[in-house]
Every structure is written in structure tokens, then in C-alpha cells.
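Below: a set of structures, written as C-alpha cells.
After this come two complexes, each holding subunit A, first together with subunit B and then together with subunit C.
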Partner chain A sequence: MTELWQQILSGLGTGFIYASLALAICLVFQGTGAVNFAQGVMATASAYLAWSLVSNGMDFWLALVLVLAASFVLGALIERVFIRPVEGSSPLVMLTVTVALLIGLQAVVALIWGDDPQQLGSPFGGGSVEVLGARLTAQQLGAAAVVLVTLLLAGAFFRFTTLGLRMRAAAQNPASARLLSIDVGRMLALGWGLAATVGAVAGVIFAPTLGVSPAMMDSSLLLALAAATLGGFESRVGAVVGGLVLGVAANLASRYIPGIGSDLQLVVPFAVIFLVLLLRPQGLFGRASSVRA
Partner chain B sequence: MTLLQLTGVRAAYDGVQALHGMDLAVTEGEMVALLGANGAGKTTTLRAVSGTVSVEGAVLLDGQDVTGWAAHRVARLGVGHVPEGRGTFVDLTVEENLTLGALARAKRLRGQVKEDLAAVHELFPILREFSRRQAGALSGGQQQMLAIARAILGRPRLLLVDEPSLGLAPMVTTEILRSLRVLQAEWQLAVLLAEQNARRALAVVDRAYVLESGRVVASGSAAELRENTAVQDAYLGAEQTGRPA
Partner chain C sequence: MTAARTPAVVEPPAERDSEPTVSTSHALPPAPRVGLRTAWWTAALAVVLLLAALAPASVISDFQFFQLNRVITFAIAIGGLNLLLGWAGTISAGHGALFGIGAYTTAILVADHGVPWPLAVLASLLVGLLVGALLGLPALRLGGMNLGLITLAIALLLPPLLTRLDWLTGGPFGKTTPRVEAPPGLPFSSPQWLFLVNLVVLAVVFWLLSNMLRGRMGRALDAAASSRVMAAAHAVPTNRITVAVFAISAAVAALAGALFHLTTRTSTPDSFTFLLSISLIAGAVVGGSRSFVGAIIGAAFVVFVPESLGGFVEPAAAGQWQQVVYAAALLLVIYFFPRGLAGLVRQARNRLVRRRSIHARSQEAQS
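== the complex of A and B ==
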């Protein structure tokens, strides 16, 4: 029983990585209708940037703040330069652009920082805490808390601020938004910036556990895509819930299903994507009408 | 003072010409109708003003040349547009839709949102009752009211309204047109109304233009056009019922 509890909690911990990446993917999809395959490698770039700053002696938290600002700018810039020219194109064109971004950015990261994995020390120290009978490292707990706060802030931003409302309007009906003097292009760039920032939080704060390498986010991206599929690409809450569910599911599968192990964990997201597309293509939180053709 | 002036405006969709040199003007605080059958160019004329179709010729707003401007910049000059098909944000609540309308207004009018919202709720009480509901859950007529309410909360100087009678009972349409008339006086609002139902439109507007194949073929005061036999034959001869909603 304790063992199961332990597995569930640590699954939830990693689930926060998938939840934030899934939220980022979902923000971009709502705005531009593109599934951003480069969302993971954008977070990787953020993690590397943080590693550079910290290994040059900067305080972790100051580095985090600077990296988040830089990631926001980078995200918005990517939208302006690479997405704007193909805005409104078919899903296939969007797909090609974001896959090209994935490959290109991964190359840029390897060019700047090399292929060797690096270590980023945990800002929470090496201690561990007992939570209701399960033992969690301070890093696991702290990282989850930081991401949770980020997700809540993002939710509050969209729910309670007028800028958030404008962004939702621009995503949902750009033509009408323009008639209400909303600069839709700026909102889309903001959306990409925000998505990059949310992804960067996960990339940097989980870097101590994941290790900093060009491929550090690869499997997380797959799980995040499964999470967004499960929750529904149109639902921000769905993406987050999907991420947490997948974190737990993947962890339990690798522990309890014989033969899966940690190497074959990726079977879980593929199984989830397959089942959701088969049974409920709009996802758990999506509405049938909002499925894009 | 002339608020809106179109001179030789031409527009096309995918190479098919929809406007062949439109000339028209709207004075401040005036209510003007665009009459004509389906495909006469009423919707395109409104879109030429709000910048949602690309045009040749000249669109002057309060003396400023806005030809080729992006739609959101034209809107900032005080142009509200209730588009064809209403364009409500169906996943947002009625309240959020109205807030977005109020956010579109000029800064100097931001302080009056509360009073204006109360006025709008008085015109359309159903919007207060359903304020927490998703706009997509409203009936067609209620969404039409929401679209108009949202646009006027932006406190435009020029309101473009595309076929408000679509999907509405005749009584409700008349009521909405009358309420626009009230606001027009109180808020110094000019209205350019595209309407297929000429008889109903001429009952409320000051002036009208009759369009045919993307051109103005007749114009005058509402009274003159009601008397004009050619217009009567073409547009008022039989009671127009409009398209079924």
C-alpha cells in the first residue's frame, strides 16, 4: 500500500512536467491552430540557458527569472518570424513548420552547448520529506510546487485579467476580435511567449532530475502530446489534468506491468493517444464541435 | 460634418468583383440604410468600411484616409461592426462578450462603462438574465441582441449593422431598430444599416442608398424613397419577408 502511494506521488511529481508542456501546447494550439512539436526543445533551450547562468555563478532563482523573460521573448519571436508567414495555412503546413522548428532548434542547442549532458544542482537541496507515509525528495516536492503555482497563475491570468480575456477572444474568433479593436497578431505572439514561459518553468525546475541534454525533453514531449490529446487540445484545464493522469499512469505501468520497465514507459502515451482518438477524439474536456478538421 | 465618405470604392472576392465604384456618405449622428437584394453589395460595403475586405478607391473616416488599414486600427477610430452571422464568442459567457465590447471603447469613455451597461441591459433585459451563460447557448435572436449590445458598448461613432432582422421576429427587429434610434440621439451615434427588408428599414432611418450589383442606383431621404415608384416596384412592391432564419 505504501509502495503504491509512493509510486502515485512520484508519478504526480513528473506529471507536472507533462502538465506544463501540455498546457503550453494547448495555448499555442488554441491561438494558432498549430500543434507545436518544438515546445519541448524550446524548454530544453531554456534549461541550457539556466545551466549557463548558474554554472557562471548566478543564483538559481535569479537565473530562473531571467530565463523566463528570455523564453517569453524567444517564444514571441518564433511566432513572429516562423509562424506569422504561414498563419491560417492547413494543419499539414503548420505541422511541417513546427517539426522543422524542432529539428532546427535541437541543432542550435547542440551547436551552442554541445551534446554532453550537464548537471544542474537542485535549488531545494538534497533532503527528503515524508508525505503521508511516502518519502519524497525536496527537489520532487519543490519542483511540483513551483509548477503548480505557475499553472494556477496562468489560469488566473486567463480567467481574471482583461488581457487574458482578449487573448481568449482572439483565439476563439479572430475576425470578431479584430472588429473589437483587438490586435490579433499581437495576441498570438503573446500566446506563444506565454507558452514558452510555462514550458521554461518546467524545463528549468526539473532540470536537476532530468539532466540537461539536447534530448532531455523528448519523452516528456510525447507524454505532453498524449496529455493534451487526453484532456482535449481546446481545454487548458484538460491539458493539465491529462498531464497529471499520464504522469501517474506511466509511473504505475513501469512499476507494476511486467515487461514495461522505465525504457518502455513510452508505450503508455501511445496507448492513451490511440484509445482517446478511437473512443473520444475531442478529449475528456473538449467538446465535439471544437474538434478542428 | 461628414463622418464617413466612400469614393469609387471597389472590392473583389477571389477575383469576383463585388463593388464597382461605390460612392456614399454618412453624416455624424445620422442613420442610413443600405437597401438591395442578396448579392447587391451591402455586406461588402460594410466590410469595406471596417477594413475586413481589401478595397481600391478611398474610404475616409472623419476626414482621415483609412483605406487599407487593418481592421483593429479602424475599430480604434470608433467604428463598431455587427457582422453578418453575428460573430459572438460562443465559448465565452454573455458577460465576457459584453466586457470585450466595453474594452474596445476610447479611453476617455472608460469611466462610463457601468452606466452604459445598465442602459444596454435595459434595452435587452435577456442579456442580464443570461449573463453567466455561454453565448453559444443563446437562441439566434438572443445572439443577435448580444452582438448589437457588444458593438454599442464600444461606444462607436459609427455603427455598421449587417441584417439585424435575420433570425429575429419582425416585432423584435423593429424594437431593436427603435432602440438604436434612441441611442443614436443619446450617444451621438451614426448608424449604417444593411437591410434586405426595405419597408422596415425605411420606417426608422433618415436616408437610404439602394444598391444593385455593387453600385448605388438610387438614394434619398426615407420619405422620398418610400414615394419613389421605381424603388417601390423593385423593393417595396411585395412585402419582403427576407431569408428564412
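== the complex of A and C ==
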């Protein structure tokens, strides 16, 4: 029983990575209508930036703030340069562009920083805490707390600020938003920047456990895509919940289902995507929409 | 595979199948077409290459034939992928995995069960069809990116799965099969013989596919790709054709993978990573995803570009530069030549034809 509890808690811990990546993917999807396959590798680039700063002697938290700012700019820039020319194209074209971004950015990261995995020390120290009979490291708890705060901040931003409202308007109905003198293009760039920032939080804060390598986010990306599918691409809350559920599910499956070790954990998101698309294609939190020709 | 029953979608056959009328110089640019002309091009190419196959080893070495075999097998797979990208309007990020499933099916059947290779290749085709139908089922509900998600998952899942199922796949070392020799009495080396086999398969597959796309299926797919709802309202069974076309596309990819294995003789989990799937997409987009000539151009791009990079960059970084080149090529083609290199060629030719016809008419007017 204690072990089950332990597995659930540490699954929740990793679930926060998937939750924040999934939220980032949703932000981009709602704004631009593109499923951003490059979201994971953008977070990887942020993690590498943080690693460079920290290994040159900078304080972790200062580095985090700088990297978040840089990620915001980078995300907005990517939207302006690479996505703008195909804005409003079919999802197929968008997807192809983000696939190109994925392989291109991953290669650039590897060319700059090399293929060898790097270590980033945990800002929370090496201690551990006992929570209701389960033992969690300070890193696990601290990272989860930071991501949770980020997610809440992002939620509050969209809920309570005018800018957030404008962004939602631009995403939901670009034509009407334009009539209300909202600069839709700028909102899209902001959305990408924001998504990159949310992804960067996860990439940097979880770097001590994931290890910093060009492929560090590969399986997280798949799990995040599964999370977004599960929650529904239209729902930000759904994406976060989906991420947490998947984190727990992947952890439990690799522990308790015989034959699924850590190498085959990817079976879980695959099965989830498959089943959700088959049974409830709009996702758990999405609304089924009807289309008029 | 039944397409529309009502004539509504099948209505405009006249201008799509006939040759573009040259005399109306300011007519709309002809819709991208496959069919007779593609078949002719493929046939002409086949004859040229058949002559090449008979060339002595001093002209084309066995290694060059090996490379050509890689191009042809990739071209077949890209042709299958074109069904999705160019006609069905969906993407598969996992055709490399389907290619790998085909390769492994043949490898296992030949190496462990002593099945003759032609039968094994056929079995690969069937396995691909089955896997494709299974994967296509979730896409039944919604098109587009959902298929992308499923296929991305299988692309990332296949290599660890192949490593894990070592009782079946030989684990990280994969499967090796003996060399495929030409039937006794024929004066071909093994790569030459495979080159001929691959060529014939390429020609047959492309001919069948372009025939299929020229008929009701193609029109139904075009209708569904431009608007699913509109197509459904015109009695196009959009769900059924989406699954059918994905299954066919997967079968073609698996067939290509089987032939690829016969060429390389060894299949390991590393041969069929996500990058292979991306390479196939890059080849399809760069060549032009609505053209079978484009598939061949794209395959040549995929095979030869990484190799020519080898001379410029240090070997350790070659893989990364390959990715950079693929990414750059994908973006450039999407931004500037949405119909790919094949589209570019066609455009240039049309412009030439049109100029000539204007010239002819102005001369007529003068006389």
C-alpha cells in the first residue's frame, strides 16, 4: 500500500512536466491551430541555456528568470519568423512546419552543446521529505511546487487580466477580435512566447532529474501530446489534469504491468491517445463541436 | 474502397482528365494531375534504368546500384506517403516505423522460417495493410493531426519495442538474411538483380496508385480533403476512405521496407528511428507530394544529400547537419514552392508551352 502511494506521488511529480508541456501545446494550438511538435525541444533549449549560465557560476534562480525571459522572446520570434508565413494554412502545413522546427532546433542544440548528457545540480538540495508515509526528494517536491505556481499564474493571467482576455478573444474568434482593434498577430506571437515560457519552466526545473541532453524531452513530448489529447486540445485545465493523470498512469504501468519497463513506458501514452481518439475524440474536457459546411 | 455514389462529386471529369488545352493561353493553370503522363514518365524512366542495369560494372559499380536501390525503395515509400500528404490531407509521422515493420517481417520470415523472399515481401505488404487499418481506425473519428499523433507514437515506440522483443526480432543486433541472388543463368550481380526487381515493383505500384487516384477514389479524396463535411454531404464515405487510404499507404511503406531489407540485408532497431519517418516526410514535401516523379526526386534528395554532406562537415556532426538540411529544405519548400520540386519543373514547362502557344498565335494573326 505504501509502495502504491509512493508510486502515485512520484508519478504526480513527473506528471507536472507533462502538464506544463501540455499546457504550452494547448496555448499554441488555441492561438495558431498548430499542434507544436517542437514544444519539447524548445524546452530543451531553455534547459541548456540554464545549464550554461549555472555552470558558469550564476545562481540557479537568477538563471531561471533570465532563461524564462529569453524563452519568451525566442518563442515569440519563432512565431514571427517561421509560423507567420503559413498562418491560416491547413493543419497539415502547420504540422509539417513544426516537425521541421523540431528536427532543426534539436540539431542546432546538439551542434552548440554537444550530444553528451550534462548534469544540472538541484536548487533544492539533496534532502528528502516524508509525506503521508511516502518518501519524496526535495527536488521532486520543489519542482512540482514551482510548476504548480506557474500553472496557477498562467491560469490567473488568462482569467483576470485584460491582456489574457484579449489573447483568448484572438484565439477564439480572430475576425471579431480584429474588429475590436485587437492586434491578432501580436497576440499569437505573445501566445507562442508564453507557451515557450511555460515549457521552459518545466525544462529547467526538471533538468536535475531528467539530465540535460538533446533528447531529454522526447518522451515527455509524447506524453504531453497524449495529455493534451486526453484533456482536449481546447481545454487548458484539461491539459494540466491530463498531464498529471498520465504521469501517474505511466509510473504505475511501468511498475505493475509485467513486461512494461521504463523503456516501454511510451506504450502508455500511445494506448491513451488511441483509446481517447476512439472513444471520446474531443477529450475529457473538450466540447464536441458540430461543423457547418 | 467504393467512392462517391452520387454524381455530385464526380461531376467535373472532363477538364481533369483531358490534356490541358494549349490554345487558351490565359486559362487557369492546370490542376495538378497524375495519370497517363506520370505513367509514361515512369515507363520511360524504367526503360532508361533497365538499360543502365545492363551496363557493365565499370560504368555503374555494385555500390552505386546499392545506392540506387535505396533510392528506389525510399521512392516507393514516399509514393505511399504522398497518398496521405498530397491527397488525403493528413500526415503520418510514423511511416518510417511502418517501413521498419515491413523490413522486419521479411527479415524474420526469411531468416528464421526459410520463406522464399518474394513470399516474404508479399507478407510484409499484408502486415502493413493490417497495421495501417488498425492505426487508421482512430483517425476515422477526426482527420488531420490526430493521425499525426498516433503515428508519432508508433514512430517513437517501434525502436525500443524491436529491442525488447528479442525472441522475435533478434534484439539490438537485429536480423540478417542471406544475399538475394539472381536466378541462375541470368548475368546479373545481386545488386543489379535487386535493382531490376525494385524497378518493376516501383513501376507497378506507382501505376496502380496513379490509376486509383485518377478515378473515383482520387476525386473523393480531394473532396474530403477540401471539406469533410461537404464531401460527406455528397455521399462520399469519408471515414471509410480515410482508413482505406491509410491502410494502402501503410502497405506500400511496408512493401518498400521489405525491399529495403533485401538491399541492406541487415535490419536493426536503429535503422527505423523517428528520423527515418522525418526523412520520408522531407522527401515527400521536397519532391512534391502530389507527384510520383516527385517521390523519386524526393527519395534521391533523402539518400544523396546526407552523403554529400559527409565531405563538408566532421563525421561526428554529420547526423545533426543532416537534420538541419532536412529542416531548412522542408521550410523553404513549404514557404516558396508548395508543390515541391516536381511542381517547379511542371510550372517551368507550362510557362514554356504557354509562351510557345502565344508565339504561334501571334504568327497566325500576322499571316
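As a working rule, the second predicted complex is superposed on the first by the 289 of 293 C-alpha atoms of A that agree within 3 Å, B and C clash if a C-alpha of one lies under 4 Å from a C-alpha of the other, contacts with A are read in each partner's own complex, and residues count from 1 in each chain.
By definition in this document, contacts are C-beta pairs under 8 Å (C-beta built on N, C-alpha and C of every residue); 3 or more make two chains touch, one makes a residue touch a chain.
These numbers were taken from a predicted model, which means no experiment stands behind them.
Residue contacts after overlaying the shared chain place A:L95 against subunit C, while subunit B stays out of touching range.
Of the two partner chains placed by the overlay, only subunit B lies in contact with A:R166; subunit C stays clear of it. Of the two partner chains, subunit B is the only one touched by A:A175; subunit C is not. Judged by the touch definition given at the top, the superposed model places A:L132 against neither subunit B nor subunit C. With both structures placed on the common chain, the touch criterion links A:F37 to subunit C but leaves subunit B unconnected. Number of subunit A residues touched is higher for C, counting subunit B against subunit C. Only residues 50, 52, 70-73, 75-76, 80-81, 83, 87-92, 96, 99-101, 103-104, 150-151, 154 of subunit B touch subunit A when the two sit together in their complex.
Looking at the complex, you find that subunit A touches subunit B at residues 162, 165-166, 168-169, 172-173, 175-184, 290.
Listing the residues of subunit C that touch subunit A in their complex gives 85, 89-91, 93, 137-139, 141-142, 144-146, 148-150, 152-154, 156-157, 160-161, 163-164, 227-230, 233, 275, 278, 281, 285, 317, 319-324, 326-328, 330-331, 334-335, 338. Only residues 35, 37, 82, 85-86, 90-93, 95-97, 99-101, 103-108, 110-111, 218-219, 222, 225-226, 229, 261, 263-264, 266-267, 269-270, 273-274, 277-278, 281, 291-293 of subunit A touch subunit C when the two sit together in their complex.
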